[in-house]
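Chain nomenclature is as follows: A, B, C, D, E and F, assigned in order of appearance, with residue numbering initiated at 1 for each chain independently.
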């Protein structure tokens, strides 16, 4: 079992969600985050004082998937979230030792 | 008198024989019923000397207060429009409304007023205004009998008349702000506001309140406080703006189906509705242009239409959408207010309720239809002001009564035995305003578009106009949730 | 005159001998001190002809303006109530207030007013109202000497009287909205609002302003602007609502200890307090029912009580909770305003300060006690309007002065040498209103509960009424933080 | 008459020969142009009996309404100040404004008014006030010819005069609230508010409206509605507060460069601007102190300056910062209003536009300069009220016209052929107010600082004053985003 | 050392917190997230336009625990957060290579 | 490749960001979180009812770094975020199996 974490542009969420639905993914957890990266931020001016906004809004997805499905999921996200413009984000995969579905107590792949 | 300006040809409720005549007016509140006039009668126009002075001073102070209430509507419009659109554009909306009132007051002074009320200033159009010697200085109010206008009224002093009318001009302009929210270049909006308050609105006003063709028809056009002149003008300009600028990114799916883009704060929007409701008690009663016993009647009729409008919209949204929609109910209250502006001096209490409840229903159906037609009007400006403004004019053609007050020389509406002549006049007004404003505002927006001044880039729109047009978000980082939509 | 309606039996400050009498009134602002009246005296009631016409027109315009201020209070109530409750219910609150004013105006027109002010309409209860021929048409204001009422006043025109009173009815209804926030079915609230503005409130009003038993006691009941008739009515209905509907989920722990459920926006709530403060200058001064020199005295007394109330609540919260609580201070200002409504025409400046500061303290202690009693009134509606309304009636019984203006026929309060008779009357009023409203509103809410129309399901409550009752959240996704509480 | 209080020495526009004289006044709206006065003339001062009574009652009711509008400004100030500062301090700001109005009314009653308007109360300073027998009771308004003041006016009744002036005192106090936002101890702010409304403001007012040295100069000081007396007083107190309390943590980098600390809600701030705009139509027209035909002129001049101020600030911010800044445009509208207070009765329409547009530009440059000087005034209170208040006084010295209305005895400004004498007087006023208030408020804040009552600890400041000073956040957990700044 | 991540219903947070306190857990980090899962979302209607809200509010807990305690912690969360209704959430465990307490620089189990 | 996760005090974010920039870190993802820990919360009083706020605002950083750089990054964060007062937060390191840059499809260390 592995955890796929992806940081994407917020307005791509709907497409990524549909792509994941398309390959049968039934659950994920989404967080609003702020990204710092090559994309850079922008300058704002409030009452004459300029200030640098280094962080841009991003959306983070976390999906626990059964190991065999990981690359399928990663590919689906990466291709749906891609605009080709800087700031499209990252995707990383980390190992998961165990998973529980709280409602039923099911564990492992059954809990996905 | 050549040195005085008339308070336009705004039609006041005629209280010709002073207080007693008010009794007649009262029956306008009923389906029928002759006036009882057994009380001592005093004639407003028979007052002389200090009595007349007191009367005229009260008139002018009263209209000043009403004008202040109309200016308060700017806060209401700002809140409604900001509340029903996205947080990332909220400061831009407020800025547009701040500029509407600033530009409106100045443009109407410099140009608009001279066009709207040609009066003695025929031929001065475009140059009349602030800089013409005598323009403001001649606001002397003469209270001698020879000063009475043909209709038995004293005119308002020029400064108060200007102040009241300028507030109306700013109102007309602001109507458009919400319809084009979230995607319009700020500079383009400023130019629109200049042209609307300086030219388009004044021309429409001149047709009736300025003594133009609508007012001089055999059966005179009835638009007491401006269902047509003010609201249809703003509403149709809003429609043209919304069409020509095009919908916000994400408002419609690829195959044209509308998507909901919920406003960021319904509580602010409804606060705005309450403030507009209050402002309307300057808008309608002030349109009587004098402080007399007709004022509370107008207020009651106005309140009835507003209440009926809110309930009509609530019921209609409940039926068509399964739940009572809050912002639709707010729109409905405003729709009732817009619709009653025309006939508030002529319809009965029953007529007011009917006018309001129909307006409330229409506004909901219109919002749905406009959206289905692929037009993105985020706050329903066209439906509230354009459609219900037209409905208000028509409603007067149907529901105007012939009470003693407006007498034999006035036509009753179709349902009150007056035949179709008033209705025809009203329909001519509807068509004339809709056509002229659509063409004029259409040309204006098309011109701005051609000049590249109308719409921001997609990146700027997605970032939000607060940041892209004004440099910083309207809500601080401690309030604004980075939205994933 | 049988064709005229009196402006109820609302007690005006008696300025019997015109302007000069006002000097006497002035002393009401002092602990003692005879009036100085050495100036030229003019008698309001001696005016005739155009002079009388001007006077009466000003009266009616003034009350119109005051009514508009009272309607503005709806925005204030909406903001206070929305601000002190959860964001997920904010649109629902605003919708309820929008409907209170709409239903209030219509129900009061159709039914309520006929009950509240039986006058010539005795026997018409229930059918009197809009559809009775002559109902609105008879608002002629006759200015001849024979038109003067017994008390030397000209009556208000019917439309303005109605407009002012309808605003009060809507106010009474709205008081309940906050007390039952966050868990009440919208349909149930609408039904409550219909019954309160159509029946319960008008019946209470009829007891005093309608000439009923309270007004006809030997020592007349004193409730100038409605500490009892308006605020206790709303406040006790709020209490019954809060009890019968029960607390919000999570308000009390399993063992009954209250938990804080912080409001979502104190800034909006205090903005609402400021707006209510402004509206009260229509509520109290307008209750004089004419434009005379008593108006500013009433305004000053009102402002003193409000200021003392805010400071009293601040101090009390500072002492009892270690910090000066913001929303409590806002409640305190309102409590001072509620309490002074009764005696604003009778108490001295000192009396106003005492009335206010006590109200401010009471309201804090009452909020704490109510919560400890297991009742969930999120905005303190009962404490502000019910408890401090009752305190206001009692305060008048203690602090009313005998100034030249209210003369020998009026009783001073217990502390001003008038003995206990006024206090007894006031206590009878307190008990009568509390008992009747508790029973009537109790039956109403119990009936709604029995019919399954009172409370939403736990799921709907947790999701928030904006989504469950109206289909969409009041704040957009760009504003609303998904709360973990 | 020793038993009457004058309405201070506030200068009214002189409508000496009644209505006709108003024609002269009109020309104040022009660069030049003699008045046309061919109409029937009625003299306000010639009214007698019931006519005079009606006139005086209208005066008093009108000022009551204006005072209510001025009190409404408290809501506006609260929203502007809360909107332009951090969410974590929003409830604290509203609480301070709630207390400003409460303290202001009471302190001005107990102490301030007696100082401000010594009149017959010379020698009573400090003890005059509420408790002096006859203080409030003598508000009889005598309408006989002998009651006319030297300037041909009837004085206002004492309660309405007090009510109006108390609203001004509360306004002066509130100006400081925003400048010291986010770091001031609540108890220290309360003490400041007590001293400002009880002592500092009344002393300044006594110099002119109380008949003091500024009013008695050969060329009298012109400060019609208080650019100097009210706004400079508040503005310079704000400056001293901001300096002595020091900047908020994080406002300046270690090397002194200013950092932006964006306000939490520009929409709320601009709503506040709209409300202030409305309130100003009580502030300026009400300063005429009677209901006459000068009122609408004052309103129009006020609106022109406001509009020009907004546009001036928008343009200046657009040029200096590349984008039109929303809150700066709001500041600009207020700056135009502040600046026109002084000369609103003396300048032409052209003068009003110039006064406003310069104020709008100045305010932007001043905000930038103040920040560069290392002073943290989060809402620009000093720039709007202090700097533009001074500019308003100077502008009158430059732009005052000599119209028939203010006649030969009045000096025109430097640009209108009056030489430098008015300008000199105005500059003396600027210096006197700036110096006195800086010293007095400086001593006050320094004293509070020495007593440890001025500034919260760094931890409390970082946590936010809502939590640390009042026990709970102003926004609930469902609204407030934990900010990372 | 392992990281226990749990996604639960927001209104269960208090009970979970007390349960964890009960077994001696002294620290955790909480994030407001949005969940997509079998629970589904709901339909909202704004001014006549229906729209699907696929994401429901959830609360995410992250707790670094010493490996021996992991199952105790996981059990405590799973049982406190369980309502038995759909949408109760998931709990997963991932390996942690190292842990530092920033204040003191302590590392490993001491830093928990 | 490893993932460095740090929970810090919100007002230390700017300094941490600069410290990371100083050692050449070009990307990170930031989340506003609430922390529960030894620092404890505080008591608030709303309309007379006291309530315990157990959670204090914290900021979470997530940075995927090439394994050799991990200790450098961890040290930079830990020293920049340290105030020495309770509540400075934690930092933990977890293994990452793979990383993708969505824009380009680059994987592994190139994607950092």
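We adopt the following convention: a residue touches a chain if its C-beta (ideal position, glycine included) is under 8 Å from a C-beta of that chain, and two chains touch if they have at least 3 such contacts.
All of these numbers come straight from a predicted model, not from anything done at the bench.
Undergrad: Treating chain A as absent, figure out whether the rest stays one piece or breaks into groups, and list them.
TA: Take away chain A: still one piece.
Undergrad: Touching chain B and chain F alike: which chains?
TA: Touches both chain B and chain F: A, C, D, E.
Undergrad: Taking D-F as the reference interface, which entry in C-E, B-E or A-D shares over half of its contact pairs by residue number?
TA: C-E
Undergrad: Quick one: compare the interface residues of chain B with those of chain D and tell me same or different, with half as the dividing line.
TA: On the two sides of the chain D and chain B interface, the residue numbers are mostly different, under half being shared.
Undergrad: Out of D-F and A-D, which chain pair has the most contact pairs?
TA: Answer by contact count: A-D.
Undergrad: Which integer distance in Å separates the CA centroid of chain C from that of chain F?
TA: Computed value for the inter-centroid distance: 54 Å.
Undergrad: On a C-alpha centroid basis, what's the spacing between chain A and chain B, in Å?
TA: 49
Undergrad: When the C-alpha atoms of chain B and chain C are each averaged to a single point, how far apart are the two points in Å?
TA: Taking the average C-alpha coordinate of chain B and of chain C, the gap between them is 32 Å.
Undergrad: Listing for chain F: what residues touch at least two other chains?
TA: Residue numbers touching two or more other chains: 30-32, 34, 44-46, 94-95.
Undergrad: Name the residues of chain B that each touch 2 or more other chains.
TA: In chain B, residues 51-52, 54, 58, 65, 260, 262-263, 321-323, 325, 471-473, 475, 479-481, 483-485 touch at least two other chains, as defined above.
Undergrad: Using the contact rule from the top, write out all pairs of chains that touch.
TA: Here the touching chain pairs work out to A-B, A-D, A-E, A-F, B-C, B-D, B-E, C-D, C-E, C-F, D-F, E-F.
Undergrad: Can you name the residues of chain A that touch chain D in the complex?
TA: That would be residues 34, 44-51 of chain A.
Undergrad: What part of chain E is in contact with chain C in the complex they form?
TA: By the definition above, chain E touches chain C via 10-11, 13, 30, 32, 34, 42, 44-46, 57, 59.
Undergrad: Looking at the complex, which residues from chain E come into contact with chain A?
TA: Result: residues 2, 6-8, 31-38, 54-55, 58, 60, 74, 77-78, 81-95 of chain E touch chain A.
Undergrad: Once bound in the complex, which stretches of chain C touch chain F?
TA: It comes out as residues 258-263, 317, 320-323, 325, 327-328, 364, 367-368, 371, 380, 484.
Undergrad: Spell out the residues on chain B that touch chain A in their complex, using ranges where they run on.
TA: Result: residues 462, 467, 471-473, 481-485 of chain B touch chain A.
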